[in-house]
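In the part that follows, the structures are each spelled out as C-alpha cells.
The two complexes that follow have subunit A in common; it is paired with subunit B in the first and with subunit C in the second.
Right after this comes the complex of A and B.
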C-alpha cells in the first residue's frame, strides 16, 4: 500500500511529516535537489549565509520547516532532483538524475506549488526581464542580484517582499511600481486584519523601503521595456495618467501567483473555475480529497493560492484525510484546529486579492503585436485571429490553431493572460473559455533520458 | 564585494568564498563558483543565454525556477540543458551563443 507525495515545499514537507508520524513511509518525490520549496528555498550546500540573512522575518519559520524536511527525508523514501512528468494508471512517471522511472501508488498527495502570474507586455521577452519569483531565486539560491539597477513592478505581497530583500542585500532599486491603486489597499484593511502579524510584516517592508528612500508608486500601468538587445529601462503610465520612464538594466514583475495544476489534471481530478484565483483549479473537499478521482489528495498553492502558512496546514490536512481513509486513527482536535486556522487565512487571502487586484484589463487590452507566448513567439494578434479564423470559443481549440500554450512551458507562463485575451475577444466571462489541458511530459525531458 | 565581469547581467552580492571553477562558452573560458547554476555563471559574464528559434531576438531566462523553460541551452556535445536548474561544473563546455 504505497503512498507517493509530490513536492517538498511547505505543503509537501508537512504532509510527509504527518504520514511518518502515523507509521507510514511515503515515497517523496521533489524536482528540487533540496527540500524547502520556493519561498523557503535553500541554496546549494556550500553556501554560507545564515537563515536570518536568507529569510529575514520568516527565518524562524524557514528553520522549522527545513528541520522538519531533513527529519522526514531520513525516514521517507526521499527522491530529490526528480521530476514527475506524468500520472496515469495508478503510477507516476519520473525523470530522476540520469534515469526514467515508474512509481506505482495506492494513494498520492500532490503539493505542486505555484509560479508568478504573468501578463505579457511589449518588451517582456528581452534579456534582463524576469519574474519577481525569479529575482528572489537569484538572490536567495545564488547570492546574486538580477542587475545593477533594478526596477520591480506588478502587484501582490511578493512585490514588496522581493524589494525589501534585494535592497537589504545591497542591490540598487530604481523603483517599486504597483499596478494596484492606493485606495484598494485601504479598502482591504478590515479583511487583512484577519492575520495581523502578516499584515504588520507587510507594513514593515513598505516602511523600510520608504525610510531607505526607494521610489514607490501605486496605480501605475506598464507600457514597455526599453532596449533592443537587453533591458535598459521601463516606460509606464503613472496614476495621474502621465507617462514616465525609469532607467534600469533589470526588471522583475508579476501579478500574484498561479497554481501549478498540470499533474492534478493528468491524475484525473475534476476542475472548477475559482473566481478568487481567476483560474480553473482541481476541486477538493474540505479535507483536501480531490473530487472526480479516488486516492488523490491536494495541498498547498498548487490547489489555489493561499501562501506558505496555509500550505503547511493544508499539507498536514491532506495527510490526515488520507490516513483517515485508510482507517488509521488521527486527532480530531487537530483537524478542527487546522480548519479554524485555514478559515482565517482564507479571509486574509480575500483581503490580499482586494488590496492587490489582478489587473485583468491589461491582458484583455493587450496590443495585437505583443508577444503573448514567449515559447514560440505567438502574438496576441494570432490568438485573436483564431476566433475570427476558426471560431475558436475555447482555449484548446485556439491553441490548436495558433499554438498559444503549445510550447515548452505548456501555457504555464502565458495561460492566464491567454484566457483573458480570448475571453475579451469573444466578449464572454473568463470561465467560459475553459483551461489548457495538461499534456505529458509536463516539462521537457533531457534528450539523453529518452 | 562584486566579483562579476563588467558586461554581465547579474551582480554577485554574497557567497563569494566558494571554490573557483572554469567552464567554456565556445572558445571563451568563463570563471564561476561552485554552486552557481549555468544560468548564473553565464549571466554574470554576459546578457544573453540564447537566440529564440522563432527569430524574435535574444533570451536570458525568465522564471529561474524551472517552470518557464526559457533557458534551455546546448552543451558543446549537443546535449540540451535547462540552465537555471543545472549546476555549473568545472570543465563543462557550452556551445557558443549565436
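Right after this comes the complex of A and C.
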C-alpha cells in the first residue's frame, strides 16, 4: 500500500510529516535538489547566507519548515531532484538525475505548487527580463541579483516582497510599479484584516521601501520594456495618464500566481473553472480529495492560490483525509482547527484579489504585434486569426491552428494570457474558452534519457 | 418522427475528417447540395493529429492508384483549399535494418514501378554518403523523391473551411446515433432528435464507420488503432526526407523550424474510443529506436507526446467504394493510420463514382465486399 507525495514545498512537507506521524512511509518526490518549495527555496548546501537574509520576516517559518522537511526526509523514501513527468495507470513516471523510473502508487498527494502569472508586453522576451518569481529564485538559490538597476512591475504581494528582498540584498531598485490602483487596496482592507499579521508584514515591506527612498507608484499601465538586444528601461502610463520612462538593466514582472495543474490533469482529475483564480483548477472536496478520480489528493497552491501558510495546512489536511480513507484514526480536533484556519486564510485571499486585481484588460487588448507565446513566436495577431480562420472557439482548437502554447513550456507561461486574448476576440467569458489539455511530459525530456 | 421535418440535401456526408471534408468539397464542385455532419469539430481527431506524412512509398499495391491520384491533388493544394498546409516535397526514405527488411524494400520497388511510382534503391554506402546522420543499424533503403510531408492541424480543417466556402452545410457538434435506408434515400438521426435525409450518403465516420456500415447491413469489424507520436524542441535542421522503417516501428520527420516529429507503437484508448493517451513505455521504446537510427537525436528534448484514434480493418487497407447493398451509399473508412495522404483523393474518387458512375482511379482492391464475403 504505497503512498506517493509529489512536491516538497510547504504543502508537501506537511503532508509527508503527517503521514509519517501516523506510521506511514511515503515515497516523496520533488523536482528540486532541496526541500522548501519556491517560497522557502534553499541555496545549495555549501552556501552560507543565513535564513534572516534569505527569507526576511518569514525566516522563522522557513527554519521551521526546513527542520520539518529534513526530519521527514530521514524517514520517508525521499527522492529529490526528480521530475514527475506523467501519471497514468496507477504509477508516476519519473526523471531523476540521469535516469527514468516508474513508481506505482495506491494513493497519491499532489502538491505541485505555482508559478508566476504572466501578461506579455512588447519587449518581454528581451534578455534581462524575468518574472518576479524568477528574480526571487536567483536571489534565494544563488544569491544573485538579476541586474544592477532593477525595475519591478506588475501586481500582487510578491511585487513588494521581491522588492524588499532585492533591496535588502543591496540591489538598486529603479522603481516598483503596481498596476493595481491605490483605491483597490483601501477597499480590500476589511477582508485583509482576516490575517492581521500577514497584513502587518505587507505594510512593513511598503513602509520599508518608502523609508529607503524607493520610487513606488500604483495604478500604472505597462506599455513597453525598452531595448533592442537587452532590456534598458521600461515605459508606462502613470495613474495620472502621462507617459513615463524609467531606465534600468533588468526588469522583473508578474501578476500574481497560477497553479501548476498539469499533473492533476494527467492523473484524471475533474476540473472546474475558479472565478477567484481566473483559472481551471482540479476540483476537490473540503478535505482535499480530488473529484473525478479515486486515490488522488490535492494540496497547496497547485490546487488554487492561497499562499504558503494555507499550503502547510492543506498539506496536512490532504494527508489526514488519506489516512482517514485508509481507516487510520486521526484527530478530529485537528481537522476542525485546520478547517477554521483555512477559512480565515480564504477570506484574506479574497482580500488580496481585491487589493491586487489581475489586470485582465491588459491581456485582452494586447497589441496585435506582441509576441504572446514566446516558445513558438506566436503573436496576439496569430491567435486572433485562428478565430477568423477556422472559427477556433476554445484554446486547444486555437493551439492546433496557430501553435500557441505548443512549445517548450506547453502553455504554462502564455496560457493564462492566451485565454484572455481568445475570450476577448470571441467576446465570451474567460471560462468559455476552456484550458489547454495537459500532455506528457510536463517538462521537456531528452530523447536519449527516454 | 415525421419525414417532412428532416433536413434534406442531395448528399449527406457523415464524418468531418479529411476524407469527409474532401468529399463534401468535391460534391460542391459538381454542384450537389451537401450536409456534412460531424460530432466534434472538422479535422479535430485522427485527421488533425496524425504524423503528417504524405507518402506513396510502402503502401499496399491496392492503395497505390488512389495514392497516386492523391499526390496530384497534394501538388495543387492551394488552388483547392486556399493554403499549402506546409506541404513540402522532401522525399520519403524507407529504411531496412536486416536482409529480410531489405528484401521487402526491393520487392516493393519492383512492384511500385508498375504503378508509375519511381523509387530509388540505395545500398548502405550510398545511403550513408547521402544521409550522413544515419546510424549504423541501417542496412539500406529506398528513396521516393515525390513524397513529402504536411501539417495535418492545418490541412484537415482547411478542407472543411474550403467546403464551407464552396457552399457545403458543415454541421459540427452533431452526433448521429441512428441511420436507415428508405425507398428514396438515407435517413440519419441525431442525438437531439433532428433528422437528415438525402438520396446519397457517404460514410466517412473514421473509427466509428464500421458501426455506421452495420446500420445498412454491411457490418465491418473495425478495431481502434492508437498511433503515438512525439515532438522535440527545435534543433538544427539536418533531416530532409520523411523517414520510415520496414515494420513501421518508427516514422520521423523534421520540419523547417527544427522540431523533429516521430512516432511508433500505440497508446491507450477509452472504451468508447473517444479519448486516447500516450503510454510512457511505448514512448521509451520509440525514443530508443529513433536514437539507434539517428544518433544525434539523443540530446534533443521531447516537449510533447500525443495520440489519436484511427480505425483498422482486418487486412490493413481501407474500405473505399460503393455499398454492395444500397445504391447511393458509399463507404470510406478503416485507413489504418495511413489515411492522411489518401484523404484528398478519396473524396474525388467517391464523387466520380456517385456522379459519373465510374472513376478513372482503380479502387477495385478496396471494396467493402472483401469483408462481407468473409465468414464471421
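The rule is simple: the second predicted complex is superposed on the first by the 448 of 450 C-alpha atoms of A that agree within 3 Å, B and C clash if a C-alpha of one lies under 4 Å from a C-alpha of the other, contacts with A are read in each partner's own complex, and residues count from 1 in each chain.
Rule of thumb we're sticking to: a residue touches a chain if its C-beta (ideal position, glycine included) is under 8 Å from a C-beta of that chain, and two chains touch if they have at least 3 such contacts.
Quick caveat: nothing in here was measured; it's all calculated off a predicted structure.
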Contacts of A:116 with subunit B and subunit C, given as first, second, both or neither: first
Which superposed partner A:445 touches (first subunit B, second subunit C, both, neither): second
First (subunit B), second (subunit C), both or neither touched by A:230: first
Contacts of A:371 with subunit B and subunit C, given as first, second, both or neither: first
Which of subunit B and subunit C A:100 touches, first, second, both or neither: second
Partner, of subunit C and subunit B, that touches more residues belonging to subunit A: B
Subunit B versus subunit C as contact partner of A:400, first or second or both or neither: second
First, second, both or neither for A:381, with subunit B first and subunit C second: neither
First, second, both or neither for A:390, with subunit B first and subunit C second: second
First (subunit B), second (subunit C), both or neither touched by A:88: second
Shared subunit A contacts, counted only where both subunit B and subunit C touch the same residue: 407-408, 444, 446-448
Residue numbers on subunit C that touch subunit A, as the complex places them: 41, 44, 48-49, 153-154, 157-158, 160-161, 232-233, 268, 277-280, 283-284, 287-288, 290-291, 297-306
Complex interface listing, subunit A residues touching subunit B: 31, 38, 43-49, 53, 115-116, 125-131, 133-135, 137-139, 141-148, 169-171, 229-230, 249-250, 260, 371, 374-377, 407-409, 412-413, 443-444, 446-448
Subunit C contact footprint on subunit A (complex, rising order): 86, 88-89, 93, 100, 102, 389-390, 397, 400-401, 406-408, 410, 439-441, 444-448, 450
In the complex with subunit A, residue positions of subunit B that touch it: 1, 9-19, 34-37, 40, 43-44, 47-49, 52, 54-70, 72, 79-82, 84-85, 87
